[in-house]
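Inspection log for the structure reproduced underneath, given as structure tokens.
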Amino acid sequence: MDMTFDGISLNLRGRQILDAVTGTLRQGRVTVILGANGAGKSTLLSCLAGLRHPDSGRISIGDRDINRLDRLERARMIGLLPQQGDIHWDIDVTALVSLGRMPHRGRWGMSDADHHAIQAAMAATDCTHLAKRKALRLSGGEQGRVLLARILAGEPQWLLADEPLASLDPAHQLDVLDRLKQCARTGAGVAVVLHELTHAARIADDILVLKEGRVIAYGPRDQVLTPDILANAYGVEVHIGTSPAGDMMVVPIRRIA
Amino acid sequence: MIQLRLNLLLLGALLAAMLVSLLSGKVWVPPGDWLRGDLASLIILELRLPRTILAAAIGAALGMSGAVMQGYLRNPLADPGLFGVSGSAALGAVSSLYFGYAISALLLPLFALAGAAIGISLLAMLAGRSGSLILFTLAGMILASISGSLTSLLISLAPTPFAASEIVTWLLGALTDRSWDDVRLALPVMAAGMIALAFTARSLDALTLGEAAARSLGVDVRRLQWLVVLGVGLTVGASVAAAGIIGFVGLIVPHLVRPLAGHRPSAVLLPSALAGALLLTLADSLVRIVPSASELRLGIAMSLLGAPFFLALLFRMRRELA
Amino acid sequence: MIVLLVLTTPAAARPMRIVSLNPCADAVLMHVADPKQIAAISHYSHDARATSIPLRQALRFPVTSGTAEEVLALRPDLVIAGPHVALPTIHALERQKIALMRLDVAESVEQSKSQISEIAIAIGMPQRGARLNTAIDKALRASAPSDKMLIPALIWQGSGMVPGANTLADELLRRTGFRNMSSAYGLKQWDILPLEHLLARPPRVLFTAGGAAGRSDRMLSHPVIRRLSHRIVISDYAPRLLHCAGPSMIDAVKRLSQVRRSLKANP
């Protein structure tokens, strides 16, 4: 089943944030959402997570409108990793990651399935050794990984991540990107908002480009990552090349007047 | 489990404190006489026992409210008084004093509860259904401000200085000579409030990650807001009805237990209730033991405890920031 | 009209364990009760600033701080309470079915005298009550002015508080030849006096009852008051004379008439 969104429009305080945005998140594939600042990427992600109701348009999984789903069922299916990595209390890492199991947990205590998911999530993000540490004492990078572990622990079918690479060092950035790709490979549908174009090239199967709330391009990676489309989206001239190992590289060169 | 041990420890300390409270008073009543069935046991069973139970219950209610408030607002400096419900409950009680209520012993607490109910409704009306924290805090401050002004107005309009002093004295908070009637009135309301608060536990944990993540985990923020408002309103309303305004318990206690309980908001709730009960019971015993012409007002005792606590907090924060 | 008398024992037996929670009632008891009848008086009577009884006399009696358990421990057969005992305490005593006498603040001489009679009857000493009332009447007669002039006066009770119409102080002023200016200023029964009124229409006499002995009231050292000092006579008035009616009234009218007579001498 795919998540389809059709004609999503949202007007906030007089500004048209999203205008007839249409697209699909396919299971087993990574969709990267690109666009300049203020293009509406985070808002789109909020709508897809069911946190915002669009003024018009429909977001469905299969043929079920996600805004009609039971709150907990939607939470089980869709996981959101918000841009601000808020951690308000100095809880230990295991407790933080366990929060991801909330939509699945019964009334009391945690089942074996819960424990297993938590352990697996922490292993996947290289956080197992942080288990007993306090969340607020971690470095920015460690916190980023722990927050990703939280969302992985929920085993969502759709994983929506809003700029998950901020404050991570290059090695961990690559780890997170590869982890997201892995999630798609194991069957989840992944949508990621990214800024770095080479990162996008690394993991994207499909790309959706937003400009001022409208979709200006949507399709497989190679069709969308072109100099013309990126010039339109960002106002910069880019150079697209290949690394010696064969990875696609997209490098912004200069502003277009 | 650290949690279990902490709670058992607090429970044990609480029971000991309640024993101390039964022993405290200007009249010495040896434990052997407690159940003898005459004057001594009268003092214990009709005066000190309801007072002890009320102190523990109010302390537990305020401690738990404070823990929920801090979890909900994601702010370790939140206090149940922030919602303004203690102010509106106090206004209700003061109105009954102002208009003269020698009619029935129940009138003042009922007026206080009515004031709390009105406060809760006004909060809901002012803050709307948005669930926005800023709006909520503002609405609470407005409510507190209006209640405070109206209360001051009633004090200034009091016909004689003695009536004014009666109102002011009541506002300072006390548990002196409370009876089983007060317990029967306040306890069910507080219990209902604490049950509502208990239901917020899981959602508060989710809020650790911020509102967006919490909602994506399935938290119903509007239901949460209602539970918080209702829970805090009922517990604070009943406390004010029974004892006047007692501050600082809701602020200090969750702070103190949080590092011991592991910082998770849900884990802080029960220890805060127990520690709050402990604190207030001890304070209420203290005001009876301290040698002075008449009992020290409980609200004052709590304020005197609260100020140095805040100073200590300030110094610790300064050190951490330096 | 204000006294609530709940007696469950027949009036034949004289109460021998009286507990008073009110300093004004204490003062009356000192005059009408047999000391052996008193089990305890109020703690205010042991406080030099709040007592209406000579301290040495008060110290001979034990006091309570007003909590129900202290009162109950004394096994009283009569409890006298004023209007400002905490209601939970009152209810606690009522629940134990103890004979409880509640007195309001006496706002007139008549009211005070009838309170004295009721107390005296309740404790089984009616003649002593009558004797006290006679003494009060005698003092009032002795303090009545010799001429019909009503000299404008004001009693200032610290921080600008002024007793107005329908207070005991008002009546005592009238009986000793003064006119209480508070009504002329439009003040209520108890009110705060704005200084402007004082300047616009100064009284002839300003009785100052504020602050502890020797400490001058902040408002009195206001420069404006000093300007008026040649027009106003400022006289001390012991604060305790304003706390209670009863026997204090004797001293009160004595002081007031003393000032009145001195004014007559220097118009």
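The letters A, B and C name the chains in turn, as written, and every chain counts its residues from 1.
By our rule, contacts are C-beta pairs under 8 Å (C-beta built on N, C-alpha and C of every residue); 3 or more make two chains touch, one makes a residue touch a chain.
Keep in mind that this is a model prediction, so the values were computed, not measured.
With every chain reduced to the mean of its CA atoms, the largest distance from subunit B is reached by A. Chain centres defined as mean CA positions place B nearest to the mean of all protein CA atoms. Subunit B and subunit C have CA centres that are 39 Å apart. The geometric centre of subunit A is 44 Å away from that of subunit B, both derived from CA atoms.
Averaged C-alpha coordinates put the centre of subunit A at 80 Å from the centre of subunit C.
The residues of subunit C lying in touch with subunit B in their complex are 43, 46-47, 63-70, 72-73, 75, 83-84, 86-89, 91-92, 95-96, 105, 161, 188-190.
For subunit A in complex with subunit B, the touching residues are 46, 49-51, 71-72, 74-76, 78-82, 84, 86-92, 95-96, 99-100, 102-103, 134, 147, 150, 154. Those residues of subunit B whose C-beta lies close enough to touch subunit C in the complex are 25-27, 39, 42-43, 46-48, 101-102, 105, 108, 159-162, 165-166, 169, 174, 176-179, 181-182, 292-295. On subunit B, the positions that touch subunit A within their shared complex are 74, 202, 205-210, 212-213, 215-218, 220, 262-265.
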